[in-house]
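Taking it in order: structure first as structure tokens, then the write-up.
First chain written, first letter: the chains are A, B, C and D, and each begins at residue 1.
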Amino acid sequence: MRLFLVLISLFFLAAASGAEDKPWNPALGTAKVTGSVKFEGKAPRMRRIDMAGADAKCAEMHGGERQKPETVIINENGTLRNVFVWVKTGAEGWKFPMPEGDALLDQKGCMYTPHVQGMRQGQSLSVKTSDPTAHNVHGFGKKNRSFNRSQPAGASNVAIRMRRDEASPPMKVKCDIHPWMNSFVAVVPHPYFAVTGPDGSFELPNLPPGTYTIEAWHEKYDVMEQTVTIGDGETQTLEFTYPTKS
Amino acid sequence: MSVVIPYQVEPHPVTGVTSGKLGIWLFLASEVMLFGALFSSYVLLRVGAAVENWPTGVEAGLNVPIGTANTLVLITSSITMVMAWASLKMDNLAAFRRYFGTTIALGLVFLVVKAFEYSDKFGHHIFPATGWPEAGDPSVFYGLYFTLTGLHALHVILGILVNLWLLFFGVALWKTDKERLTGRIEIAGLYWHFVDLVWIFLFPTLYLL
Amino acid sequence: MSDEHSDLGFLRKYVFSTDHKTIGIQYGITALVFLFFGFSLMMMMRWQLAYPGSAIPIIGGLLPDTLVDRGAMLPDFYNQLGAMHGTIMVFMGIVPLAVGAFGNYVVPLQIGAPDMAFPRLNMMSYQAFVIGGIVMLASFFLPGGAASSGWTSYAPLAVTATTGQTFWLIGMIFLIASSLLGALNFIVTILHIRAEGLTFFRLPFFVWSQLVTAFLLLLAFPPLQAAAIFQLMDRLAGTSFFLPSGLVVGGEQIVAAGGGSPLLWQHLFWFLAHPEVYVLILPGMGIIAEVIANNTRKPLWGYRPMVYSLLVLGFLSFGVWAHHMYMTGMGTTMSTFFQITTMIISIPSVIILTCLVISLWGASIRFSVAMLFALAFLPMFGIGGLTGLPLGLAAPDAHLHDTYYVIGHFHYVVAPGTIFAMFAGIYYWYPKATGRTLNVTLGKVHFWLSFIFMNGVFMPMMFEGMAGVSRRLFDPTIYDHGAAVHGLTVMTSWSAWCLAAAQIPFIINFFWSMRKTERAEENPWQATTLEWATPTPPPHGNFTETPVVYRGPYEYSVPGADRDFSPQYVKQEA
Amino acid sequence: MNEPEYGWWLPPNVSVQGDDIDTMINVIHWFMLALFVGWGAFMVFCLVRFRERPGHVAVYKPIKAGFSKWLEVGVAVAEAVILAFFAMPVWAKIKNDFPTQDNPVVIRVVAEQFKWLFHYPGQDGKFGRTGVEFYADDNPAGLDFDDEDGFDDITVRGLHFPVGRPVIARLTAKDVIHSFKMPVMRITQDLIPGMEIPIWFEAKSTGKFQVGCAQLCGLGHYEMKADLIIESPEDYQRWLDEEHAALGLDDY
């Protein structure tokens, strides 16, 4: 009975806290977290993708040159690309304005662009095809509903609304027809996320002062966490180092 | 119904049985095919699995004494079923009610014991999806255990429902057509014996082998 | 006798009826609707095959964009249509029509029974069929659509498929239950409730065919039921009866213990599905035999060998299932066994067909519409049977396996085969059920158009198969050998649409003839079997006086008789 | 390499086993045609001769048609002959007579939704260790990259093999049942997940063809095709060398 009461009150608390999400006040966003993701150790072996034998149209898009898989890309400065960094805890309780338009995922040369991206909960993922061959977009949702939609060459965009947050791990999106094509889409309930690019750095601006858990996720090397406390107008620098395990 | 369909009560001169009885025999033939297919699948899956990956009932945590007791319960219920039918033949409705009630009660006992066995398995986090052993190249023993015994339990439940209906409502026929009621009890009995027989095959297959 | 029944309310009389004739008609109408629906699915597929990637006219615009892209079909929709076309045609169209409708309506009449042995069971059988059908149709409205793993539902594909597959399995369990109840009922009825004097070798061939069919249904369906239960467990309870260890779907290890066998499904499935082929064809053969005997005005040639062949067919059909599985990698010992049984099982079919053809010798052939369909059945079924020969042998099967040749082969058996037999049956027994005859001119138009376009649909498939084009391809022109025969594909598609148009005279005829004022004679075909001894249409309880049988079923043109037919139920011909 | 010509009958055959199969298919079809024409002629004759017309009556007495028995016996004998002298030896040769000498090319074929993958042992002639636990989007062959035998393995999505040399293919599937079909080689073989099924074949002429999937494997089934390139031994060796050079073992 007591357990029941506790559950009931928890439920109301949760409901109440949900209802109390304050509209976001941009003036509060003075703090900032920046940093980079280092890579140490030996790069894994990987085979270039042979598209020609399976679908000549794909290979033609790359002038016949075999592409590297985008799983592990180590930048020239020794940093790791395609790491998704986001504020895991600490940014709750605000109702942030939604970005305009959809998050875009392009299928080009039988590869996904971008390979890793973040988007907002409630936003739609718009999948475009720029290829002269048929694709199908297959999302493996763990919280969001899975989807599997065919896109013949020249088809109009397929838009899927992401109703739930699904950032860790992000949702995997694949093309079944071309099994080497994969992409990761993190659905976040707030705007504090970034993906490392060619310089391996990330930036999470406009944070209100406070304590945050920052999580980094990589498709092969999994997650890492750091906690950071920042004051008004401060900038903190973090550094993640992959791989976590040798 | 004004249309009179022959051989519902009196046996057909050639086959020597009533239509109902012929029907239940055919139904049981199809049931034999159903369980035959299930047992064949068991054999196929077991032959396909590595010997060390297929547990005996004991290794898999099945309780042989309880299983044996349950087997006895079902066999006893078959006997009381025959007694019930014999009582009707001997024109003794009260004895029929006693024996028939006992059959139903024993069927319920069987189900309750089965339910305890299931909940014990669930308590140990063993579900139909659980492989044996959990790592490596597991076999589908638990899947088969739950599917086969579950299907058998479904047959028991069906039998109990039919028997309950016969005991409380169907028995009204005694006043108008004794022979017909006796025939119906016999048919219910044939089905019950079949369910019993299936268990007699299931028990050693799953618990002992 | 029938007065009480006429007092029953509308519901009891037409919806929850226990009268075998009402149930037969319910089955017939429902099955015809399903057949037409299944045919429509195929017509949409034919558009995609003939004109890949172009918008389907009219219908394309009405479908949601999960199924079509700007009106053009998407591959998963194509797979749904393919799977549901097969399932609907086989399990919800032909079996209910051949067994549920004709069996229910005709068998009790032909054996002089007042009704089936278990009228209420009969009603339940129909209800289970309707529920199964509704579950199947409902699956189209699921988010992931209907089942899309083919009518064979091979695991592991079907296990990992969308929710439509679960509906398919549940629907199948209802359809199987329906068939089991029906089959049991037929056997008891035929064994027990024959009229006095109607010995086994005086049974019309149609009744024999229904008896063997019922045994096949009774004994072959339970293994599929077992398989469906296993697959349901795999899908819902997470077991892995059909999933081996270490499956990797979409680059991820799937969450299942493993240890199962994908081939187990195929064995269980084909153990049903091969006898099922005979379930599809035997009632058709029975109808053809009735129509041929009646319209040749002479006894069937070789009635007894035909009956024995029927029994042998039924028996052997349980021993050939793995000839569908030569290409799964089975050893030569097993394939030798199944090649031999497959060759043996072709012999009784040859005997039946030969007997029917020889029955034409010395006849006086009346070319009624029913007879036209029956005559067309013979060569069409012949093609279907003959093309089974290369498929039954493993070496030619290495080239022809799962190509359009297979599609052509079994469609020749069931479409111009069984469906023509069904049409023959409808034209033949329509006067019995309604008291009106179908219009002959419309009937002949229907026949000739159907005959031409049936061949236009299925003959090109043989050549496509020869060229090596695989079945179940959303767009075969992707392959060079598929593109080379694209002309044949287009021809098939147009034939299919014309075939649909050719059914319009039939539909008009069917409803318009019912309203004709002019009544048919009691025995319009001058037939000899018992169903013509009842009033037309037969009342509840069928016979006004208990029939007694004096002779065999096909006593036509008996020397010395004053008419060219001597009914079974008339004691003495003058 | 000349462009293959496809028509309405059997596609071109480039396999040494295919001739037997083609002969069988043709013989059976002649047999079928003979039966069908015979039956049909008899039937048409009956339809004309015994049509209903004034003054014509049916004969009650059945004819003594001894020939039907002979026909049936004939069909049975013909089937037995086809079975015993064509079907079984041909099939046994295809299934069982694996080439042991002649230096066969050994490849591994991995099927996945919805593409083929061909795994060659590379210059050392040894396959690297593979396992289901290694399968990933960037490792479709399931290679263990710690195993040195696998360093030079070639994993491509088009099938190459030389003419005049037997090929042993070990077929396996990752996810669902697929079927390895090469119409021009007269080969169809299902790939069953959890099993490895070996088959063999040998080409007798070169050309560029296609491998297809013949078992419904999901929505992309129709797209599951790969190039099939049968080359002269020299071209094959050149291709192997190019692939080896392109391996880029030092990438990353």
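List of remarks:
Simple rule for what comes next: a residue touches a chain if its C-beta (ideal position, glycine included) is under 8 Å from a C-beta of that chain, and two chains touch if they have at least 3 such contacts.
Computed from a prediction, not measured in an experiment: that's the story for all the values here.
The chain closest to the protein's centre is C, with centres computed as averages of CA atoms.
Distance from the subunit B centre to the subunit C centre is 34 Å, each centre being the mean of its Cα atoms. Subunit A and subunit B have centres, each the mean of its CA atoms, that are 55 Å apart.
In terms of their C-alpha centroids, the spacing between subunit C and subunit D amounts to 31 Å. Subunit A and subunit D have Cα centroids lying 44 Å from one another.
Of all residues in subunit D, those that touch two or more other chains are 112-113, 136-137, 218-220, 223, 225.
Looking at subunit B, no residue sits in touch with two or more other chains. Residues of subunit A in contact with at least two other chains: 134, 136, 148, 150, 174, 176, 179, 182.
Per the contact rule defined earlier, chains pair up in contact as A-C, A-D, B-C, C-D. Of all residues in subunit C, only 1-5, 18, 113-119, 121, 180, 183-185, 187-188, 191-193, 218-223, 225-227, 229-230, 233, 237-241, 245, 256-261, 264, 267-268, 271, 540-541 touch subunit B in the complex they form. Considering their complex, residues 53, 66, 69-70, 72, 74-76, 143-144, 250-252 of subunit C touch subunit A. On the subunit A side of its complex with subunit D, the touching residues are 43-48, 50-56, 66, 68-69, 71-72, 74, 134, 136, 148, 150, 174, 176-180, 182. Listing the residues of subunit C that touch subunit D in their complex gives 74-76, 79, 82, 148-150, 154, 156-157, 160, 244-251, 253, 258, 261-263, 296-299, 301-302, 327-329, 331-332, 335-336, 339-340, 343, 346-347, 350-351, 353-355, 357-358, 360-367, 375, 378-379, 382-383, 386-387, 389-390, 393-403, 463, 466-468, 470, 472-476, 478-481, 483-485, 488, 556-559, 564. In the complex of the two chains, the subunit A residues touching subunit C come out as 134, 136, 138, 140, 145, 148-152, 155-156, 172, 174, 176, 179, 182.
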